[in-house]
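Shared chain: subunit A. Partners: subunit B in the first complex, subunit C in the second.
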Partner chain A sequence: MSAAPVRRIARIVARPTLWLPLLSLLVFLAVWEAVGRSVDPLLFAPPSRMAGELPELLSSGELAAATGVTLQALVVGYLLAAVSGVLLGIAIGQWDTLGRLLGPYLFGLFSTPRVVLVPLVILWFGIGYGGRLFLVFLWSMIAIATTTADGIRNARPDLVEVARSYGAGRAQTILHVLLPGSIPFVLSGLRIGAERAVVGVVIGEMFLEITGLGGLLQDSAQSLETARMLWAVVVIAVIGTVLITGLDALERRLSSWKAEPT
Partner chain B sequence: MRDPEPAAPKIRVDGVAKFFEKGGGGDAGQVRALDGVDLDIAPGEFLTVIGPSGCGKTTLLRIIASLTDPDAGRVLVDGKAVDSPSPERAMVFQSFGLFPWKTVLDNVRFPLRVRKAPLSEATETAMEFLGKVGLADFAHSHPHQLSGGMQQRVGLARALATDPDILLMDEPFGAIDAQTRELMQEELMRLWQGSGKTVVFVTHDLDEAVLLADRVLLLSRSPGTVRALIPVDLPRPRWDYDVRALPGFTDIRARLWSMLRDDLVFAESHGPGPATAGAR
Partner chain C sequence: MSAAAAAAPAVPRERPRLRAALQHAAFALALLAAWEIGSRLLGSALLLPPPGAVLAAMAELTASGELVVALGQSLLLLVLGLAAALVVGFVFGVLIGRSRIAYWTLSPYFSALFVIPTVALVPLVLVWFGFGMGGRVIIVLLAGLVPVLLSVAAGVRDAPGELVEVARSFGLRGELRLLIQVRLRAAVPLLMSGMRLAVGRAVVGMAVAESYLRLGGIGGLIRNYGSSFQTEYVFAAILPLTLLGIGLSALVGLVERRFQRWQT
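Here is the complex of A and B:
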């Protein structure tokens, strides 16, 4: 077995993945600082000024509270979207008729900029949690459902037949064959859905109910407090990155069966 | 020839015909893949099926498995007409048909789990059969980590795990290299001998057909009909000696070859035959 040397090589190659991003971050911060100092402080803030602003944002609990509000709507909406999106995706993938009936609406909604629908959402759900949740949920759910349906439709017919030959029913075939075979599709749906959910939560907080990180962003932008505004941006970016990184880890875990070379 | 008359047949193929729509062309023509196949297979018999490509041998197997519906005729198992697949007629596939995302153990456990067997019981049974095919140590590997021969042994263990009366094998060793194939043939004979299981084994390898069989079924070229049923009365167990060197073996092989050759020559000069498009 040549597993040991392969792993050693892999580790050496893996190192730059740690120090290269760190290096690029340092360069990025340096450039930002330089640009930030040379621009009108009302328009932009360098990292140093942001750092100065941080103690107050933290001690007042403002940033934490805003983050909590945002995460709450994001996590609930995204989890709902993941569960219902996968279920709807299986249904659409299994029954073409359903796909043809729902497809146009799903794609139509998906391609419509959400901001355009904010007034409608306000009419339906009012200004509050329900409306924000809806903005997180629906677009994320559509992304997950349509990619999952693609995965189900692309299932290997020979393996579906194997299941059938052993007397597996529809539910068992979905559980043992269709869904595991669709994992790459489901995961790519979850990634697109995560991005849609993050954008949805921010839109809800900026344009529907001024609250959370989106609200902090909106408020501080209007009062020209660029450092505070940028902190909201940083936290939103971190949330998005953590979500995507988590999905990457999930993908590696779930596709471990094909990761090892033969 | 084993006399199927006194004992009731395990499998009776009764006037089975199958048509396929001709692909592509404007005419909605039909191609006959199988036409009026009558066949009795005795309990515990090892039947091999051979014929030119496109003769519908795989279609016949799939009809016995109820994976394909016949357009005419029916299949009876123990005297009862069958119309849906069952683990009682376990299928072994040429492309192994293993679930790549499941471990070897989970693959073998699959038919048992489908039947709602408790996990501990399913695990025990699956490990028993993995032991029988010599793969107990690979229970937690994934299929892609195994060689083709090992993968098909997993397929065999999976088919045997539900203790089926009937094994339906669709060119199971066709994708395996020649040397491994000989080992697999011996292994299959060891597993089958004394088990009382009825085997229908489709192959395109003449040697393999004669080596394994109690009877060889030769199908004619499209549409597939029963051309000959040749008994193979060579002593068993056949792994104790070099069967291929026996005069009996070479005689049967020569007989089958002369019949098969006509159809092959015809196919070579007339194209692969109209049924190939729908033959699978």
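Here is the complex of A and C:
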């Protein structure tokens, strides 16, 4: 009763897939500590300095407030992008001509680095919440729309045929045949869109309105407080990882039930 | 991450070419007309300069050599950063792909690097490595590194066993020679798709580095005109950058397709 779980835990701990990353992390932190201290502890912020900075960031509520601001813009912009992206995707997937004509422009916009559009975003949407939301929204929306359109175009023609022959209208076909069939595409679009949204929120906070985690990063960079910068980067990385691995898991789970037609 | 390629809208080519071309031309004209009308209605060259003004600004930037110099600086940064990303990505990609120990000790860092937006790393890199060319090249390197590394790792891991067998039976000895002559060659199609992603991300890294510093290159040009509110020049400088990004990824895509044909 007592020996078996202990042995199982021991086996898990002894697994190289667990202790190798841990060992590597320890070595990494030790080297960083040693190098950071010998070169310039203020500028390189070795782990001990980072740890020393954390209580103040937490107790002053600064980190939590910044995370809240970032998450708020991220979630609102991303949800808007998801809804309108799927709708636009259905439209350009259904009307071939529209997709063909819009395609190059969407692609061009999608391949333009967002930072260079910041001057225009400032002029059009201001440096406040609206501008930040736009930076989260548009690129995420394009990613979701183009993958959804791919899914609609790749619908199984036999199923569409069956639906038509049973007298289903356009709206019914979309709702019951095309959309369920393109769920794997929509999900991969949602994942790419999430990556884009995280980048967009950080750009908005660093270049438009100095607020949130990007603002914390930018402010600390001005005063050369590397430890605080690193904490901002860590939280951004955690948000990105949670969002993307979550959507990844969802994608794998929901794609498995849709077997390939035999 | 291969899905990022799927995000690019595909342009189907089923209909007669002429009709499609006419449709595109008509649509482009309609967009230009809407732009012209919109800018007149707004009546503000600050918010939306008319297409003519943007064209004139582009001509002026080209004639004065400003655009050419900026594009040259940007391309130099891009090439240096991508070359560095290739070298580092190959070395670590081969390590991670061929050794399980290297995989479990090193890959978490690269996964983390992939998730962190490049913009967020820019202030750190500049504090640590300075504001010169070196710091900027490191930013482009960090932006383009992970796609190269992941594709190299996947490529050398999944090398077809029969090719390795044949090479061995022809007397090819040594893991390093096997790696260079068989595994890497077999992985070329995969490497090219990694390269395509890397180029896209590197262009973003380049723009980020330049516009954060407001120094040099096309990114600096855009930021400078932006901060002096000369919107037509902002447009005129953004368009070449967009074309550069599309052109580069199309170029890599072209090479990619050639290699695919060559492999089958």
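Observations on the model:
We adopt the following convention: the second predicted complex is superposed on the first by the 212 of 262 C-alpha atoms of A that agree within 3 Å, B and C clash if a C-alpha of one lies under 4 Å from a C-alpha of the other, contacts with A are read in each partner's own complex, and residues count from 1 in each chain.
The working rule: contacts are C-beta pairs under 8 Å (C-beta built on N, C-alpha and C of every residue); 3 or more make two chains touch, one makes a residue touch a chain.
As the structure is a prediction and not an experimental result, all values here were calculated from the model.
In the superposition on chain A, contact is made by A:218 with subunit C only, not with subunit B. In the superposed pair of complexes, A:141 makes contact with neither subunit B nor subunit C.
By the touch criterion defined above, A:180 reaches subunit B but does not reach subunit C.
Contact with subunit B, but none with subunit C, is seen for A:165 once the two complexes are overlaid on the shared chain.
Between subunit B and subunit C, the partner in contact with more residues of subunit A is C. When the shared chain is aligned, no partner comes close enough to touch A:69: not subunit B, not subunit C. Once chain A of one complex is fitted onto chain A of the other, the partner contacts of A:21 are limited to subunit C, with no touch recorded for subunit B.
Touch criterion met: A:112 reaches subunit C, while subunit B stays clear of it.
For subunit C in complex with subunit A, the touching residues are 3-4, 6-12, 20, 23-24, 27, 31, 46-47, 100-101, 104-106, 108-109, 112, 115-121, 123-124, 126-128, 200, 203-204, 206-208, 211-212, 218-219, 222-223, 225-227, 229, 231, 234-235, 237-238, 241-242, 245-246, 249. By the touch rule above, subunit B contacts subunit A in their complex via residues 65, 67, 84-87, 90-91, 93, 95, 97, 99-103, 110-111, 113-115, 142, 144-145, 162. Contact residues of subunit A toward subunit C in the complex are 16-17, 20-21, 23-25, 28, 43-44, 92, 96-97, 99-120, 122-124, 142-143, 146-147, 149-150, 185, 188-189, 191-192, 198-199, 202-203, 206-207, 214, 217-218, 220-221, 224, 226, 229-230, 232-233, 236-237, 240-241, 244.
The touching residues of subunit A, counted against subunit B in their complex, run 158-159, 161-168, 172, 176-177, 180-181, 183, 257-258, 260, 262.
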